[in-house]
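Below are two complexes that have chain A in common, paired first with chain B and then with chain C.
Now for the complex of A and B:
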């Protein structure tokens, strides 16, 4: 009796706190942190809130948003995709090579050249995703190892195709019109990122596939027993992730203006970091696309502010590591608390 | 076939399973011998004494790194920070040694300081990884991803991104070109000693057996009253110390602290462990599989170098081998 009454007594006065936690749980940790960060930087970091810098942050985060959204889908089915960075490199190289190669023969039809390049790039992404997905779905092997293998193969292929030398000679329209272009005063990549986030939002919330992805990641056995065609959806998820990586690669290539095999070696880890910061569980089943977009934005804003403060990029790497661990630790602790409540 | 079916079938196959397992156990040695003989037909130098000695030396480093990886993979974890921590340890110990060497300090103190710095930093990395993983229960992937970035930043910051030259000779002779046992290269002796120690640790101590149980069935380990968290922490520290030792040996070999020494080591260490037969599902592995896997990877890259195969193609082939290895791992775990 005694313990019972004290238990109730302890819980009652915390209504306000409880309310706070509920609100906190609804909004989540990330938007609050992001908002705080923006306010902080706007006050203390010079040139942070001027238009060119804002556009710069938006553009460079778009590439990561697209990657991280794909990564999120794979993480949600309980997987991993370590090959996204390699897919970006392979897409960049192969699409640039095709476009540069067709330049002479089809000089009158730049649109066709671009189409061929884009299709090649997307094809590479599709292929890598297919291999990843088939291995994971039909052999139930560890996605970590499969994508490690395909990453090695894709990177090797990209280097082999170019000998590590940048590929120039893409149509001017592709680079200036798409890659570096401003549409309605915003970088084109931003529209691409918004479109992909919107598509995945619809996919997650209003389609069968979205629910199946959660089911597969939440409990694979239960999904199989309930008659979900898990294999098909697993493969589809991996393909989607790789194709997103390709799209990001195409946009990045168009912006840089050349196909590069060493385009950005950190992209894979950053995409995982963005997803994880956004509360995507590595155990699968949990993830919200809008949060992941914010997660990518968060990382880029942080990097940008540190750049503006002329902090050594090497020290920035340390920061990035600390932030990833910190964000996940805080997330873990807060979910423990809500579970206890 | 679903996982449930697989589990049921695995239970049915008794003696056939045992036979299959022993077949797979000798598969890797057979592959290694076949590969070397095949290459010998084209390039006889592959079996020369000099080359074999070279392979032994090269693989002894990989054995250490793959062992480090194996210890944590046993517990269903892994260590993405391995390569980066190797770089950081190499640079830090080299900086300490060159700093002391410039002053008037006895050589043995310089060497000792280098060893202590390296192993101490390794201990800290292990403490960080293991501490967060075991006490907060956060996925090892995320934690070691974080420490990877921290170590990478540390390595490039303290070295300014440049190699640290002039590592004192006594250090190199202790860990690389000295004479510990006449006729046997020092790295091989050191790696062998580490392997023997690790073997006894994993096979004959409560801690070692506990790692297998934690990997096989974490719940059972907890219910059996094992201090799982503490053992998990120890596993990460042990792994980091092994990696630190390997990093010191590599530093002694290059004679300089290299901020990008660990470049591909993370992937190679995981690949070597998995190819040797360490299961990523945890609970399966040992020193001997790690040695075989490391030998296989070293010999493959050695053979390809002798055959003058392009480095980029080697990278592609490594990817193919990794995927092939997980196929094997899969077959092993369904038939076992």
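Now for the complex of A and C:
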């Protein structure tokens, strides 16, 4: 198409346009939109750019980043994890219960109490991920159904353990030092999110597992024929996703200061939304961790601006749904337009 | 690659002494509804090219899949280098030096060439990858094969021919003892084919055993040592290459004389029922294609796998998006985007090649499958309520005519063989008043007997004044049945042949057109740049 315009002898603007397209192709749609959104809100939304609000956005997006990165890995193997929200709730409740329970016996060893709570929380995530992964890999059950089932089990267990009442009594150090703490002027959760993004970045780009995740989602049959232990990596991916959900749950619990079974019902949808906005294909094989982190940030900035503008939370829920549907539709349209040669 | 196989002299020498690389005795394999392999013997010597020859569905793919470890045989003995193998897995087979190059590519489109080459056997330590080593190795393998591909290209963006090269290169990454080539030249140009043959020659002298699956008789008679003919899952004969003529081979393959297999069809071309003008598809799988089909004749479309011949007829039926051009049925312009129901109402019906994925509801009875496309007709429903008794009568009549065996309309389709499934699909076309039949690979995966019945049915349809468009990758089929034959190559219609011009040499010359255009000193890379 563009070669036609060279007929007019106007080569210079073409070069500029070409450069723009190449730049656009390299960084993609999301960073540009994110930047635009930040500029827009900085101008039009009061209190958006003041420090406490910025820290608030960074902190709350960190929890979502951790969740969405795990969700991305599962989406990349062509799967789905609807249980991440429930894992956050179960982790929150179980870790808080263990810490509160040990409070009396081990009052002198807060570090051990915290360790026990963290291990319990991570254990819950590991278990749910293992069940998800084993069912998907060995029984070939639809990941949609399996994770819907395990989500129900995890949510039910969390409610049963607490009767829906928040669990208090965690060590002060855990809540104030970690959950609400600022390290080098940034919320602790931000470091956690950065660390996890870094780990997954290395995983994706420099390890076998990263490559196998793409292969399994891109063409499962090819992966099997090529001798990739697909089942092992499928299980590992689901476990990783669930453990990330647990880590997010632990951080969130520490920040709230109590274990809650009804911690945030929107987390699962938000994690999928963040991944899809970041260009992760629901058909598998495609996804970049750095983009997913931006996707989560994008969602949180949007929510935050709506909060500041005092938009009804129920309307916000509708808005989130609209964004997810749009992102999925765009994903489908863009794959349809790709040429098959 | 070859250096590495020679480097291991003691083991290579031992293999040569044993001579028999592969030995298979009494291999059987059953899939739901078909006995794919029935008591087949096969062997391969080191340094030999053994050709597997047979029609689609004869059992060739099943056999090579068993050798590659993808399927386990139900019965029989399978020995590789004197060792009996049970529960062989693809990965283990590769480790032993069995390298398959499949026709359906085992490539991941989202990964690059290099990443695909090393998939499942990446270089590196402790889970981490050694990018530099893999890049160097990929480059050396590709250049040794003389292929025009770059290691960092995304495989999904490559043409089919280039993907085929990646698939072949993949087999050469490790030491090869037994190489399986499944229709390796199907999408290669003449020059690329010559490269491949030179390579096969070098491998032979290095003691590698090669199983070569191909339909192209002239091609494999040149490079093959022995030829094993399969038909309907049974081994018919193993002959020395050169001992048998081309027509003898065809006879062995089909089990009958060529004239018996294909009925002589009395074409009486009448008015144009379907006209496609300058149609380009949205995904560019077909560009500027124009053709027409007349009542009373079979119009064939031949071409290599992936040339766009199937896409163009699918587009006529509204299954692929049309970007530009026009489609006319009986001189009536169709909407820019025809839909299947529009087409059915105008008497055009498409019969998909993939009967399981696109054609039939396997768990439902023959009756429901046959009437599926005609439930809006008064025979089958009144005021949107089904007329079951009338449906049963109508379908039974059609099924009897098509000689379904057994002629039971309440059987679920899953229990039927390939040939019978095709008849159920055909029955669907006969429930309506259809005058244009679009057949997409109508005889894929069905036995010779059923094939002949399908051909006979086509003959009777043409005699009744129907227009048939026959898309097929089986050259003998389109050549012998068509009155006029179009040839497609790389998304374009390159020729229209009729009468005596419909012959193998002529058609092949269009398949390998680039070669003639670039016959001069043009380097390989420019010939393939498009």
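Throughout what follows, the second predicted complex is superposed on the first by the 304 of 341 C-alpha atoms of A that agree within 3 Å, B and C clash if a C-alpha of one lies under 4 Å from a C-alpha of the other, contacts with A are read in each partner's own complex, and residues count from 1 in each chain.
Note that in this section a contact is a pair of C-beta atoms (placed from the backbone, for glycine too) under 8 Å apart; a residue touches a chain by one contact, two chains touch by 3 or more.
Given the structure is predicted, the values throughout are model-derived calculations rather than measurements.
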May I ask you to decide whether A:30 touches chain B, chain C, both, or neither, giving the answer as first, second, both or neither?
neither
Residues of chain A touched: more by chain B or chain C?
B
Quick one: classify A:312 as touching chain B (first), chain C (second), both or neither.
first
Looking at A:149 after the superposition, I want to know if it touches chain B, chain C, both of them or none. Which is it: first, second, both, neither?
first
Regarding the shared-chain residue A:286, is it in contact with chain B (first), chain C (second), both, or neither?
second
Who does A:206 touch here: chain B (first), chain C (second), both, or neither?
second
Thinking of the overlay built on chain A, is A:221 touched by chain B (first), by chain C (second), by both, or by neither?
both
Need the overlap of the two footprints on chain A, from chain B and from chain C, as residue ranges.
221, 224
Under the stated contact criterion, what part of chain B meets chain A in this complex?
2-4, 6, 78, 132, 136-139, 141-143, 145-154, 156-157, 161, 267, 270-271, 274, 280-281, 310, 312-323, 325-327, 329-330
The chain A residues in contact with chain B across the complex are 80, 135, 139-142, 144-146, 148-157, 159-160, 163, 220-221, 224, 269, 272-273, 276, 282-283, 312, 314-322, 324-325, 328-329, 332-333
Spell out the part of chain C that touches chain A in their complex, as residue ranges.
68, 70, 89-92, 94-95, 100, 102, 105-111, 115-116, 119-122, 124, 127-129, 157-160, 170, 282-285
Contact footprint of chain C on chain A as seen in their complex
206-209, 211, 214-215, 217-219, 221-228, 285-286, 337-341
